[in-house]
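Okay, so here's the structure we're looking at.
Chains: A, B, C, D and E, in written order; residue numbering restarts at 1 for each.
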Amino acid sequence: MKQKELDGYQEFVKGIWRENPVFVQVLGMCPMLAVTNSAMNAVVMGVATFFVLVASSFMISSLQHWIPRQVRISLYIVIIATFVTLADYTILATLPAAHKQLGAFIPLIVVNCMILGRQEAFASRFPVKYAVLDAVGMAGGFLFAMLALGSVREILGTGTLFDIPLFGKGFEPWVTMILPPGGFLTLGLILLFFNWVTKKRGEFLQQVATEREGL
Amino acid sequence: MDNLIWIFVSALLVNNFVLAYFLGLCPFLGVSGRLETSLRLGMATTFVMVITAICAWFLNTYVLIHAPYLRLISFIVVIASTVQFIEMAIKKLSPALFKALGIYLPLITTNCAILGLAIFATNRGYGFLEGLTFALGAGAGFTLALILMAGIREEIEKTKDVPDLVQGTAMNLIVAGILSMAFMGFAGLFSAG
Amino acid sequence: MSDNQTKEPGSATLILSMVLAGLISGVAIIGVFEATLPTITLNKAKELREAVFKVLPGVSKMQKLRFANGRLQVVEDNKVGEDVIYAGYDAEGKFIGYAVPSEGPGFQDTISLLYGYLPDQRKMVGMEILDSRETPGLGDKIFKDLEFVANFKDLSVDPTIVAVKKGKKAKPNEIDAITGATISSKAVVRIMNVARERWEKRLPPPGNEPELKL
Amino acid sequence: MSLLGSLFQRSFRHGVHPEGHKEATVDLPIQRVPFVQRYVMPMGQHIGVPAKAVVKVGQALRRGQMIAEAGGFMSTALHSPVTGKVVGIGPYRHQDGSFKPAIEIEADPYATQRIEPQPPKDWEAMTMPEFVAEVQQAGIVGMGGAAFPAHVKYSIPDTQHIDDVLVNGAECEPYLTNDHRLMMERPAALIRGTEILLRKLGAKRAIIGVEDNKPDAIEILRRHLGSRSNISVVTLPMKYPQGAEKMLIRAVYDREVPAGQLPRDLGILVNNVGTVVAIADWFDTGMPLIERVVTVSGPGAAYPANLIVPLGTPVREVLRFCGGLKDETREVVMGGPMMGAPTASLDVPVLKGTSGILAFTEAETRTGTEYPCIRCGRCLEACPYFLNPSRFARLARARLFDEMKGFHLMDCVECGSCTFACPSNIPIVQLIRTAKNNLRSRPNEK
Amino acid sequence: MKSNDPHLRLLPAPLLRQGMTTPSAMRDVILALLPAVIAGTWFFGLKALLVLAASIAGAMAVEWAFTPIEKRRNAIGDNSALLTGLLLGMTLPPALPLWMAFVGGMTAIGLGKVIWGGLGTNLFNPALLGRAFLLGTFPIAMTTWSAPGVGFFDLPSSLLALPFQSPVYDAVAAATPLGLMKFEQKGSDFLNLLIGNTGGSLGETSGLLLILGGLYLWWRRDLDWRIPVAIALAAVIFSSALYLADSAKYPGPLFTLFSGGFLLGAIYMATDPVTSPLTPRGAWIFGLGAGLLVVLIRVFGGFPEGMMYAILLMNAATPLIDRYTQPRVFGRGGETK
């Protein structure tokens, strides 16, 4: 396997924006929408995912030479499932209230395609250092997306952020936002916004380029 | 009996796996482009769900009661091997069915709706019949959401009316949101006395 | 898998690596499980005690009972189910009442709740929602609206509990439903009625309650 | 619906009800247009292979003399409409705006233009192939507008047999009254032509289908038929496109011609009244197809009229005869308003298939604002072929022509009912035409 | 003959058109609704009219803002946004805060139409989508109804709540006939249902006038009669069966037809051509499905009113219905597709 030139910073940064797993690659949707009805839930879920992704990337990257190709997917799943179970019990022990809210969705981190995808596409092929940077970037991007979505939904849906009231007593909450349709609609609109920004940015760059040529 | 009806209707409509629990979104957004494909994937998923529900019940009753911490790993292994086994069995028994379902079966392994089904069934302490009903309802609900979505997507992709900016995942999510909004109408179905 | 350049490892290697991985992960999981189990058990027990104490005022001790073989038995396992009930006692160990867990379909999803019941007075003295996914802002008033919860502080169960329109409560067996969340209110009442009926024949006559074992 | 329909009315399902606008010309007897100076006879006045010229520039012609012979089986002969001489053979402006080969004839101003009647032909003695050749020789085509060579319809393969002759007097296009007048003024010739076809084809009976907006024609025909039992007149409700062959069959016999098949597969032969009269003329008097009845009408025509026009007469001259166009005229259509084609120039000649010359003003030709399709389904209810024009329009806009083929695009006959019915002013027929042309022009496909 | 020919156009045939156009069809629907609007205003007073105006304003504002400048004249001129706003407004409680009605109008057009590509492209009824959004978002405000027959110029303080602020209700809320039936098993006087003197939204009260408007539309050939007929048929059969089984518990067929938004939905919303099936057979299926769903949701579901959800759900199924009910092409026997 040919190793391409790696730039640690680039591997780290790409996951946050350019290759953001949620906004750009549209991966890991299930937890994304199910638990982002409040910023707190989103953060807990995001951190759990962060832990699982980084830990399993580290593990798999370190073991990449010992893992037989034929059973690699099964091994990845076993490794990921182990870390998920660890996270599950840890949250249950330390944050019982949050665990009650997140319910069945913590075990479902196992089937988050983003995690398995990173193992297959990156961690199993590149040195540990880059694998971890990549995982941190991706998981960071995921966490960022979760937080963004969770905040929007919580602010509109209950008028609070991390349970802190923002608008005073008279605020009329937009209940839909914390219900399932709100999840779909908010993410859809955020993606729409993303498309718009990308388009405007492209237009702007184009304009700058033509202006330069004109000079 | 009342309870079984409620479990079925709840999984099918009120708490539709896709539209209310956000489970199985990857195939929902990925495969729903064509109606035919959706229908087949839906049926394959329902099939695997039923098998999984049965396996999960056995595991829960005889194994996990002694070692609850193995729940996740054992479920994952059961699902992966069930899918593998079904794939082989269908290939042997009914090549026609295999041709129709074949390429979707591996996709199902990573479908969180299946794992979700097993976990929900365990969390709620469903018995054998209840679990089976739940699986049937969830599978039918998944299929229903998938084919409704596919019908809509074929329509909008054919006519290309949707503005460029919205095309693609953004539109799919918004359509899913609208569907989910329409399904809210089923809330409380058969639960009000 | 089609990568032919790497040498095909024998199946022994494959099995060995799987077994090894399974072993390691098993050890890791059991480790964490053992480490967190006490806390988790403690948390759960604490939660349950708090709930029981809330629905049965004046209670300071409790024990778990299971209905099996035609009578109530004291048990100390972690299993739950329709046959489980909690008995509450005061500081001197005198029986006060039962805390009955129950669940059933609500507006959105299953509602599970716990209510306190005094068999000698045939009265409910408290209700606590343990888990629900009712609509925020509407259905979730079944535990957020204290006025509604207060309905259950002194409620006759005879002949059966009935939810009426808010402000129309007239008889001791009626509760004021929540405006705009009638379905959720009725669901709560129904769940309680079902549980009450189930336990009606199982409970021993007043005065013969199981004694507190310590 | 269909049950009621079949109980009370004989008609096809779907279709539209455009206003008739026939009152302007319906009571005007057919007049003969005087001969003019120049005539242009295009070689391709019919569907199929163009005719082949058999005259040379400068050659003198008698009226009725053959000037071009059939260029193949799917082709018919042409005859000179006047006595005069050939002044040119070459490309001339056609009504679709293109230039097509034609023969230009200058009339001899001193000739009498009279054709000596010839003795009736002994058609009963002819064999079927001889009869077919005669019809081809006479240059007779379907006069309803499509100009399909008539003899082709009469060459029935041995395996089939015609039981029914259906004479098409529906004339469902608005404004047109040429068939109506023909039935009124030449009922004997019509019945005679029907008789010839019946006998030659060995058919059992003939039905003349006429829409109920022509009660006078029906009455006259019935009177002339007298006690004949093998020919009858059937009254049909007004509806467009009743004059389309397959719709007429559906209306009269309640039978559907399967897609891809011809009426003769059901044992039915459909001919327009004009065609039948032309047959009678040829076999009784030896008069080939050199003139036809044309309705000049429309809001832009100064004096609407029903005219006998020698073929090849420029539209300008026809209009001049009946008072010209009003100043408000914005469009001139050759044929009916639903399926006819607009002409860009008034110099184009009247052809065998020209049933009308209609002048329209601002009011009819205003391009209404086109609104998006709201899927109201009116086009579906209009389409006599039960197609889905709304979907065709959408697919054509998205240029998904191949997909359209799957929905039987090629079954569409472009009758225009959908466009007529569309409240959003969508040019559905045009879009369908574009798609059809696109599909047809593709190489390596059948 | 004049020396030069008139300048001729080459518009392809057919040159004739039937008289109706899309804007005129929309205008007809608006006209047909007017009597019910006037009656509603009579019962509920000025406040109902203000709610209506706010929802129309929201709809028109979004339509205007998101239409490319060159198409604006057409988009506003085709009356469709006006109609959407009107229909939405007619389903809202008369004392709804105006800002909510405005948001509803915006959502209806934004989510229901603009995002799909404008008129004719959307698959869900925009007005109902706007209402579903409002009901999900502001459940309490959307289910607080006021009684008819208060002072004409009374403006409740809830109506004028500031944007994003919760309304404060100063009058005792009145239950709708459906609410009474659902939660208290109480019927309502049939005559009141017929003329509309009951609690409810502006447009869903006067059954008689809605039917008259529907007949006008039918006479103008602006509506597919099959859909309302099928909806009514299915609803009557289903509810009669239930009524016969237990008349104390379930409402009768007449109540089902005349209560709530049944008539408004069946005549004016389900028949929206854009979101209902194209084919006649499809229209029957659509209508029967919607009729069944209404009764199902009303009787067994959690909401007292099911018309909106029934239509939205059938809207979702419309592409599928259309696909499987293509008419048999002329001359193509049993062959479908």
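In the analysis below, contacts are C-beta pairs under 8 Å (C-beta built on N, C-alpha and C of every residue); 3 or more make two chains touch, one makes a residue touch a chain.
Model, not experiment: these values are computed from the prediction.
Colleague: Would you mind checking the shortest number of contact hops between chain A and chain D?
Modeller: So the least number of steps between the two chains is 2.
Colleague: Kindly list the shared contact partners of chain A and chain C, in label order.
Modeller: Chains in contact with chain A as well as chain C: B, E.
Colleague: Compute the shortest path length in steps from chain A to chain B over the network of touching chains.
Modeller: The least step count works out to 1.
Colleague: Can you tell me which chain pair comes out on top for contact count?
Modeller: D-E
Colleague: Which one of the chains is closest to the middle, using the mean of its C-alpha atoms?
Modeller: E
Colleague: Looking at C-alpha means, what's the farthest chain from chain D?
Modeller: Here the answer is chain C, farthest from chain D.
Colleague: Centre to centre, by mean C-alpha position, how many angstrom separate chain B and chain D?
Modeller: So the centre of chain B lies 61 Å away from the centre of chain D.
Colleague: Averaging only over C-alpha atoms, locate the centres of chain B and chain C and give their separation in whole Å.
Modeller: About 29 Å, centre to centre.
Colleague: Between chain B and chain E, what is the gap in Å from one C-alpha centre to the other?
Modeller: 33
Colleague: For chain C versus chain E, what separation do you get between their C-alpha means, in angstrom?
Modeller: 44
Colleague: Quick check: what residues of chain E touch more than one other chain, meaning two or more?
Modeller: 111, 118, 120-121, 133, 136, 139, 302
Colleague: Of all the residues in chain A, which ones touch at least 2 other chains?
Modeller: Touching at least two other chains: 74, 78, 81-82, 85, 89, 175-176, 179, 181-182, 185.
Colleague: Can you list the chain D residues in contact with two or more other chains?
Modeller: Not one residue in chain D touches at least two other chains.
Colleague: By the document's touch rule, what are all the touching chain pairs in this structure?
Modeller: Chain pairs that touch: A-B, A-C, A-E, B-C, B-D, B-E, C-E, D-E.
Colleague: Would you pull the chain E residues touching chain D in the complex into a rising list?
Modeller: For this pair, the touching residues of chain E are 1-2, 5-18, 20-25, 74, 77-78, 118-121, 224, 273-280, 283, 326-333, 337.
Colleague: Any idea which chain C residues touch chain B in the complex?
Modeller: 25-26, 29-30, 32-33, 80-81, 104-110, 135, 183, 186-187, 189-190
Colleague: Which bits of chain D are touching chain B when the two form their complex?
Modeller: Checking each residue of chain D against chain B gives 394-395, 397-398, 400, 403.
Colleague: Chain C touches which residues of chain B in the complex?
Modeller: For chain B paired with chain C, touching residues are 6, 10, 14-15, 20, 68-70, 73, 124-125, 187-188, 190-193.
Colleague: Considering the complex alone, what residue numbers of chain B touch chain E?
Modeller: 35, 147-148, 151-152, 154-156, 159, 161-163, 166, 171, 174, 178-179, 181-192
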